[in-house]
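Below is the structure I would like to discuss, written out as structure tokens.
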Amino acid sequence: MGVSGVNLLELRGVSKTFVSGFLFFRRKVVAVDKVSFSIPGEKPTVFVLAGESGSGKSTIARIILRFIKPDEGEVLYRGRNILAFNSKELLLYRREVQAVFQDPYSAFNPVYPVDHILSITARRMGVAQGKEVDEVIDEALVSVGLRPEEIRGKYPYQLSGGQRQRVLLARALILRPKLIVADEPVSMLDASLRAEILNLMLDLKAKHGVSFLYITHDLSTASYVGDYIAVLYKGSLVEMGPIDDVISSPYHPYTQLLMSSIPVPDPSRRWQERVAAPEVSAARGPVSGCKFYDRCPLRKEECRRAPPTLKKIGNRYVACYLY
Amino acid sequence: MSGTKGIRKYRNIVKVLAFLRRNNKVTYGVIAYLAALLLSAFVLVAYSPRSKVVGYADPLLPPSPQHLLGTDILGRELLVLLAESVINSTVIGLIAATIGTLAGSLIGFLSGYYGGKVDYVSRLFTDVFLSVPSLLFLILISSLVRAVTIVQMGLLIALFAWPWPARQVRAQALSLKEREFIYLSELSGESKLEIIIREMMPHMIPWMTANFVNAFISAILTEAELSILGLGPQTEMTLGMLLWWPLNNAAIYRGLWWWWAPPLIALIYLFFTLYVVQLGITEIINPRSRVV
Amino acid sequence: MSLLLKIEGLTVAYESDSKRLLAVNNVDLEIFQGEIFGLAGESACGKTTLANSILRLIKPPGRIISGRVIFDGVDLLSLGEEDLRRIRWEKIAYIPQASMSALNPVMRIYDQIVDVVRAHRKDFPEEEIRRRAEELFVSVGLAPEVLKMYPHELSGGMRQRVIIAMSLFLNPKLLIADEPTTALDVVVQRGILQLLRDINKKFGTTILLITHDMAVHAQIVDRLAIMYAGKIVEVGPVKDIFERPLHPYTQLLIASIPRVGEKRRLAGIPGLPPDLRNPPPGCMFHPRCPLRIQGKCERVEPALRQVSNERKVACHLYEG
């Protein structure tokens, strides 16, 4: 994981806590808990950030995109701390690190046709002015497999979910980014459309050298596009490594639980045992020890005392007392 | 691609026309109101200003071909007075509604967008102004001020017209702020100001329009209420003043129906047309009927 | 196995301005007692409309135009309101999409259960309600203490279990669940799906499971129907369908599912679902079908025909 050269993106000990309520009803939620990982820079990579809701993955995305500031830790883009950027550097950063979100409908302002955000991106980010803008937009639309005549001037509601998501990818591509943060980009699309967007991502990686931070809870799509994977549980990193290895033989009990819970689209391979993990109530206070203790079938006494640290085992990292 | 731009402008006009045609209530209501205004203007132009002077004709004449609505106690042509008051009441309504909606929307927007202390303070003010009985306070204030002009009346009523738009626009701003396309606009390089004006405003305009109509209706009625109590602009004619005169002179008891009935009917008519417009706008804002 | 629900020629249309589109287009379906039946299809294929129309929950601008829904020998579409209301929740329970968000946020769970019970059976004794609620909660894997809680104190999975428990209160014969696990995490999803299977085994409740997620169908259902553009295109035992999908749409659909560990290039389905206001002539799927028969598929609509003991397909490829 980033052995030589400068990493494309690196998180070091990033933490973020959200406080809600006031006076006696203060609630502290630790969304991200000292997370560190790095996306290598030598070649285009799809780095998967996997976890369920509440794992902190979306918060990490927003931190990387500089929508919120972490309480602790650093985020380095090509070795430079993004939190220290001035507005000019931030603009350059935003040209290289872009995003695609989960809901392809709400990403558009319904009052304007979809060209609106495309032309704003081209003009405001300094890619083109005046007449060139249209060329740049058309080029981007073509590179995501859309025909400009079918898309220009249309309102978001006139396009299908797949088309909208493609337009959003086109928007990101206008800037020729190095990294696209894709937060659940296909979870709201139908199965048959997912394939085209996922294939598009792979093509963009191969032809345009774009790396992806692919954030998802769906390990099937993750294994299709991913190179590396980092698994998050309640804000902490529990396992990290090359995706094929982690998926075929998960080390951490939570990863094992995740893998076994994926419904396999094959009726001859049905779940046999019950899921032993009991339901967790929504309200949880601060916890000492490993966060997965309650649900872990392999827990020991020492797991309760202090949270395990990330250890390197072979070609991956695991945070578990079993190792 | 100037060709597309031209087609787009044409498309926009067609869209607006279709929109107006579909939303009958708004169109008809506005037309009905404007008709009343036009009629009043016509009357004012057709009649000489002497017909408003005291002693122009015999007092308290019932309607006749020479005096279509009769005369009041000072011998003035009631038709002309009615026309004038329709226009004056409209002016008061416009001033109150415009200032109230603009000021309220600005306050509400800043409050919702920035949050924090700004929000806290302005919410305090808004809630106070919303919860006090506005009419009583208006009565109090205007009884302390000896004489009011039309403009001053408009401003006075605006004082209590701003809280409601403030609250609504604040709610809109709060929810808009978090919408995903706003994040995306920021990611695409739009400055905060551009985002407010270009991305958020189109969503707030329908609400501001609805608030404007609301404030307008409320202002006209409030003016009538204040003037009937004798707190109106004594020197100029408004619908309320036109009701104050007959009420103060026992017109109902004396059976002088042409003195009090026409302004009342005019008031009800204006109110009704605006109410229809308001219904139409509410339908537009209701998400179910919205295509966009 | 005896027939529990038989849908014949059901057609539901949405009418606006002068346009009419058929969300459910002449659908025939049979569901047998005791089975878990899956209804698959992508968005806007009509499966939710179909579920809604079983209990006559279609509101304007939607309208049931024709067909029969025969439940336990009675045509639900011709029942009076009073009789229909007695069937709803007592014989057929319906869990619509996103229903776990429909719990009243200001009432305790137990009070909401009492509310619903009282709305259907005014004279249900209080102790009975409590006893049954506790009994049901245990069978869906919830501690009885949850009854005293408010919805926001529960996780998504727990809320869904509450909804399932509520729907089983009067021991319905048929449970219709529309996308019951879509908003849930994969681990929680597994729990809910296994719960549904347990309910089916323990209480014999027939389940109609509606979801676009083919993997869920593969894991849970006994028989499966695939819907496309308002029509049923294929029906059969789930194992058969996955091993040997007949209809080209089914084949492409199954091929587009990513399987963990498989790296072969996924195929999507080219093109877009048809605009139901201007449906294509002939077969609904022909514009996108890689196996279409020139001259036939774009002119004649294929009917849903039995091609083997348990399989039905609506495709010209399998006609004589």
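Of note:
In order of appearance the chains are A, B and C, and numbering begins at 1 in each one.
Everything below uses one rule, namely that a contact is a pair of C-beta atoms (placed from the backbone, for glycine too) under 8 Å apart; a residue touches a chain by one contact, two chains touch by 3 or more.
Nothing here was measured: the structure is a model prediction, and the numbers come from that model.
Here the largest set of C-beta contact pairs joins the chains A-C.
Using mean Cα coordinates as chain centres, the one most removed from chain C is B. Between the CA-based centres of chain B and chain C the separation comes to 52 Å, rounded to the whole angstrom.
If you average the Cα atoms of chain A and of chain C, the two centres end up 32 Å apart. Shown for chain B are the residues that touch two or more other chains, of which there are none. For chain C in complex with chain A, the touching residues are 42-43, 141-142, 152-158, 161, 185-191, 193-194, 212-216, 218-219, 238-239, 242, 252-254, 256-263, 265-269, 272-273. Residues 65, 67, 91, 94, 98-99, 101, 103, 106-112, 117, 120-121, 123-126, 134, 152-153, 155, 157, 168, 171 of chain A are the ones touching chain B in the complex. By the touch criterion given at the top, residues 1, 4, 8, 179-181, 183-190, 194, 199, 202-203, 291-292 of chain B touch chain A in their complex. Listing the residues of chain A that touch chain C in their complex gives 52-53, 160-163, 190-196, 198-199, 217-221, 223-224, 244, 247-248, 257-259, 261-268, 270-271, 274-275, 277, 279-283.
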